[in-house]
Amino acid sequence: MDTGDTAWVLAAAALVAFMTPGLAFFYGGMVRSKNVLGMLMQNLFAMGLVSVLWAVLGFSIAFGGTNGWVGNFDFAFLTDVDYAGLTIPPMAFVAFQMMFAVITPALITGATADRLKFGSYALFIAIWSIVVYAPAARWVFNPAGWLFKRGALDFAGGTAIHINAGIAALAVVAVIGNRRGHGDEAMPPHNLPLTMIGTGILWFGWFGFNAGSALGANGIAAQALVNTHLAAAAAMLGWLVVEKLVTGHGTTLGAASGAVAGLVAITPCAGFVGGASPLIIGGGAGIVCYLALRIKTVLRLDDSLDVIAVHLVGGLFGSIVLGLFADASATGVGADGLFFGGGSELLFDQIVASGAVLVFSLVASYVIALAIEKTIGMRVEPEDEYVGLDRSQHAESAYQP
Amino acid sequence: MKLITAVIKPFKLDDVKDALKAAGIAGITVGEVRGFGRQGGHTETYRGAEYQIDFVPKVCLQIVADDAQADLVVDTITATAATGKIGDGKIWVTDVERVVRIRTGEEGTDAL
Amino acid sequence: MKLITAVIKPFKLDDVKDALKAAGIAGITVGEVRGFGRQGGHTETYRGAEYQIDFVPKVCLQIVADDAQADLVVDTITATAATGKIGDGKIWVTDVERVVRIRTGEEGTDAL
Amino acid sequence: MKLITAVIKPFKLDDVKDALKAAGIAGITVGEVRGFGRQGGHTETYRGAEYQIDFVPKVCLQIVADDAQADLVVDTITATAATGKIGDGKIWVTDVERVVRIRTGEEGTDAL
Amino acid sequence: MDTGDTAWVLAAAALVAFMTPGLAFFYGGMVRSKNVLGMLMQNLFAMGLVSVLWAVLGFSIAFGGTNGWVGNFDFAFLTDVDYAGLTIPPMAFVAFQMMFAVITPALITGATADRLKFGSYALFIAIWSIVVYAPAARWVFNPAGWLFKRGALDFAGGTAIHINAGIAALAVVAVIGNRRGHGDEAMPPHNLPLTMIGTGILWFGWFGFNAGSALGANGIAAQALVNTHLAAAAAMLGWLVVEKLVTGHGTTLGAASGAVAGLVAITPCAGFVGGASPLIIGGGAGIVCYLALRIKTVLRLDDSLDVIAVHLVGGLFGSIVLGLFADASATGVGADGLFFGGGSELLFDQIVASGAVLVFSLVASYVIALAIEKTIGMRVEPEDEYVGLDRSQHAESAYQP
Amino acid sequence: MDTGDTAWVLAAAALVAFMTPGLAFFYGGMVRSKNVLGMLMQNLFAMGLVSVLWAVLGFSIAFGGTNGWVGNFDFAFLTDVDYAGLTIPPMAFVAFQMMFAVITPALITGATADRLKFGSYALFIAIWSIVVYAPAARWVFNPAGWLFKRGALDFAGGTAIHINAGIAALAVVAVIGNRRGHGDEAMPPHNLPLTMIGTGILWFGWFGFNAGSALGANGIAAQALVNTHLAAAAAMLGWLVVEKLVTGHGTTLGAASGAVAGLVAITPCAGFVGGASPLIIGGGAGIVCYLALRIKTVLRLDDSLDVIAVHLVGGLFGSIVLGLFADASATGVGADGLFFGGGSELLFDQIVASGAVLVFSLVASYVIALAIEKTIGMRVEPEDEYVGLDRSQHAESAYQP
């Protein structure tokens, strides 16, 4: 047990836990004022329900047993948790992984803004976190996972978290349909400073998300931290340059969105790349994710706060280009990508891993959402959507004069 | 000249503005208000304490128009702002003795 | 008595208030509003989506004054609030039948 | 019909609303405003710089009522909104030529 | 000196320091907009005044000398501080303890919202932090403390901080009376998103508050971190279930209040329990603290922001159930509670410790508050209360259009 | 490589990175609502552009080669970075230093509020961070730096960051002139709670800024953390006492400004002083910086958010009084100041170092700003300034009803 490694992983667990409130403010500022509490509540509630489910069952499915696809119940209720090769207490590993399980379903709320019944949302994330997230996490993070074994690299969850949540968001939106008035009624963000507070917390917490995944205070963690910051910086610049060219202005929301896109893209690569790679991966992600904003218009899907463009596309971009930029000599772990003499084998594995998680999550999420929609209904009643989730779901209003 | 004051549902503002623009109305002044009428309020609960909120968010338009246009303004708003559900709002018209455009000092219809 | 309503540019509020104070006006009521007129709106872009914003922030003054003072109020506001650039705003005057000071129940000019 | 406009202290709004409800008034429209009158303003200091703030938060009620009810509305507000301390506010009444209920198109007293 | 332990305790000190601004935003969003700066200032000011007093005198009273009740002046001005059994520099221990001393008086401001003269508040927390907090901290945290010696367990301050502040709040409200208009004038929160920002920061900081109390980066700290998160999650769910049953809606403010109640309740238990205990302690706290909201109505006390229900009752609940759920085998420290073969001895000690701190703080706080009220007056003038603390006490207004 | 030291420096890098968003909210709350996004964007953008430039070139100029004045290109693009005497991975040192490079130009935005073209601002900080910040950082932080070699002490950047940014702010304001309406139009802060959120984040991050500069989890870091907190606390009290005497009220903005002034002043002293010194340095800074608010009126310069009074004067005060209060026995490093038997030699070195950075930055910043003003123009058009930066520079508005 190394106290230095433990100190960093404990701090990282706290940092990742802080990201879910950060995500709540990031999304909360972007919705209309009559829906801000609905959005904050959905994210805060995930910290409650998903944490309990993860302790009772989720951790065990992801890290219990030796099966490549689904875990067993050995670690249910976190009883006598054990995990090979750790220099930190098992509970520190449990805590760190728990915070990942919490934020992943919360990411979906951006796409389904303003129109989910709270009870149905709660039921969805309960099922989703056990049936979709836990297995996907196993495949990618757990050395026994079948994607891990195939040689696919994912340092901090590009696939299991961002591609997974991004495609699930698309699936749920396909089930519940668009916001009423989408396309003709203007729905600009109600409080961009609140979104900036969320951006600051997400960027701050992401150091724990990526550099904490080294599970120790070592050179890999240091390189991952630098990679994370440089990718966010380069992606901000990439997004702003394209935005300036297309619309004539670099926007504050654009700078924040670009930074988050960079953070998403570097997530799978953080501990496997070095040198100028984070600048290229980040810059590329900023440009690609901005252009991906059009996808939802093409698909005629009201992905309200662009979870597809930022998380699905950002996650896919990062996971796949890792097959090009991976450089084992940068941190001493991982493998070599195409540009570093590794041939295209890793690239192929990355595409397979991304595709596998994407297809599994698309199908499973669609089925879960459809099942709930057909039974108790996921979408709020028109009158409830008109007065806003704050009032209809929580009998509150966010602001008083 | 007449002052037409209309209290309508907030999400109808853009439609009403476009309709008035199309009808040739040159200017509108709009304020955020809260209304209380037949449309009942709702209760909000904070830490178990229930609050009866009677006021509903509305938007209040003020349009100064020529006598000739007054009825057109009223009819345009009534047509566009109505949803048929309770709380659609009210319009009232008052007589205006004098109108001045601050920039030029023009008065009367030239000021509109 | 007359009710003088003036819609002016927000940064002019302090100047107009001081001018009216100097002219002996005892009270003003002010509200935040948004105006739409010849002064064109502007576009705002969020995540690539363009929004045409037609309404511009304005401030709406309401002053109840004696008939004799009404013209003085209008002229004072016109002089102080004008910048010569489009969007300076509008003033309109309506007749008031009755004014009451809540604190004392005084009516008419005493109520001002 | 008459338009009764009352500027009162914000914490009195609930009392006035309940009193008007009891007096059978069917609807009120309320806006957040700031007032300047005999009630002096106050100074605020930020980083040593003093700002003279003349405007005090008030609430502005607009009630369209039948001629018969107009005096009742004025008296009800005066009775309920008064605290006896300076700044209680003002009520003024203006004549209304036409009232329309947007939902149904009803006019006149039916529109109230 | 272990660098890993030191790194974690330094990070934890920063996390706990961040909790006082978090508390300021938590409370600040709940008051009316004319009082938000009054609330923010009272909490920010505690970071100033109480820190200085703690360095000059407080730390020495709590940790100087060997007396069981009150310390001496050995460590006044933090000169040549020494503390047995630490694997971290003494100054790291000083820093960590200082942040606890700062937030405890700040907790009281929730009960006395909107009606304290700023000068009187400053005088109150100055006296209170030296005369009430420092001794209580000594009794419970210092191995020489008489409650510590009796065998009472309090890992991170359920008694010395939450029961202490909760009962003190009750005492001060009894002296200064209720807000004018309390009961008939509606006073809903003016900015719930600001309260959610406070909730996020409190939850994030609380990892340092509880897991930092292990004074090292070890298994105890890891278990304490997991316990803290699970208790907050379970308490959120507990509060929301009862709220839904009673009022028909789960509210955003309810989710936040439940989470904080859970954090309060697990504070004394964090390093002494394991397995599913945090879920039960948290769930129980959520339910109990929601029901405790009625206490202030029964007592006809205007505890404005429910410090009694959340901190007094939450602290009592946690401290007492520790006598049931304590499990020495979970972290290797503490003792065994009733449910873990330890008989009822610990339960008795817990009740004695909670009662002792409660009675001492009730009496001392009442006396201090009464003394100030009778001399310079604690309560603001009616006119000042009507225009709001922002203007009357600080000549400022929080928001401009 | 010590994992404990690495854990603390990684956490500190994250804390310092969080300070730039904190600064954005600190300043953002203080400007008018039509300029808040302009201010947030300028600070957020610095995290993007300056990070990339620092990785490509800045780090190498500051820490590459052995020249006392300007570095070479050895570490361009952070390739094979090496740095003598570290117990942490080189990349951890790179990350930590990068966050200092990011916040320094951001500090300038407070003075030039509401009137900079975004493009010109971007060009300015790009040039300034390479031509002014990197050399100044070398002189003071790098053991090869000529000021370091002269024996001047600066633990965490009082000179290279606060004096540097403060005087640069003065220079730029001298070039671009005052805000239109400055002096007659009231421009009070539009959202003080947002400023308080910034204050909380700055105070929290500053623990990483100062205690992280020990580059390890040791006694120096612990003392630096205590010094930082006590100086902020004492400075808050100092500022409030003077403010109360001068204007009759202690203000919330005053408490926050005093705390920040204290944090600035203790920055150079953090690891070199002990005992009651932080209380005196902080208290003094609070008083001096409040009185320094008048400087901008005397100079008839519209330093809109008081960067001169807080950062220039606070930095000068801290750097110079270090020559009095430095006490090598407090932490075992540094030297002895006048009050601790060290004679006036250190005091002289401190004055020389402060003066050197001040003169260099004044001239260089003035030249850069003038060059940009004369070519593409730094100042926005009057019409753009009237509608506000949010709309004119970023086609956004911060708040919707």
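Order as written gives the chain letters A, B, C, D, E and F; numbering starts at 1 within each chain.
Heads up, the rule we're going with is that a residue touches a chain if its C-beta (ideal position, glycine included) is under 8 Å from a C-beta of that chain, and two chains touch if they have at least 3 such contacts.
This structure is a prediction, so every number in the text was calculated from the model and none was measured.
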Worksheet item: So which has more C-beta pairs touching, A-F or A-B?
Response: A-F
Practice prompt. Please state whether the interface between chain A and chain E is built from the same residues or different ones, using more than half shared residue numbers as the mark of same.
Written response: different
Response to the item:
Cα centre of chain C to Cα centre of chain F, whole Å, reads 44
Item to complete: With chain centres taken as the means of their Cα atoms, state the distance from chain B to chain E in Å.
Response: 50
Fill in: Set of chain C residues in contact with two or more other chains
31-32, 44-46, 94-95
Item to complete: Mind pulling the residue numbers of chain A that touch at least two other chains?
Response: 2-5, 7-8, 11, 186, 188-189, 191, 197, 201, 217, 247, 249, 251, 253, 395-397, 401
Item to complete: Sort out for me which residues of chain B touch chain E in the complex.
Response: 44-48, 50-51
Worksheet item: So in the complex, which bits of chain E are touching chain B?
Response: 186, 188-189, 243, 246-247, 249, 251, 253-254, 257, 290, 293-294, 306
Worksheet entry | Residue ranges of chain D touching chain E (in the complex, touch as defined) | 11, 14, 42-46, 53
Worksheet entry | Contacting residues of chain C [partner chain D, same complex] | 1, 3, 17, 26-32, 62, 64, 94-103, 105, 111
Fill in: Complex contacts: residues of chain A adjacent to chain E
1-8, 10-11, 13-14, 17-18, 21-22, 24-25, 28, 36-37, 40-41, 44-45, 47-49, 51-52, 55-56, 77-79, 88-92, 94-95, 98, 118, 191, 194, 197, 201, 217, 390, 393-401
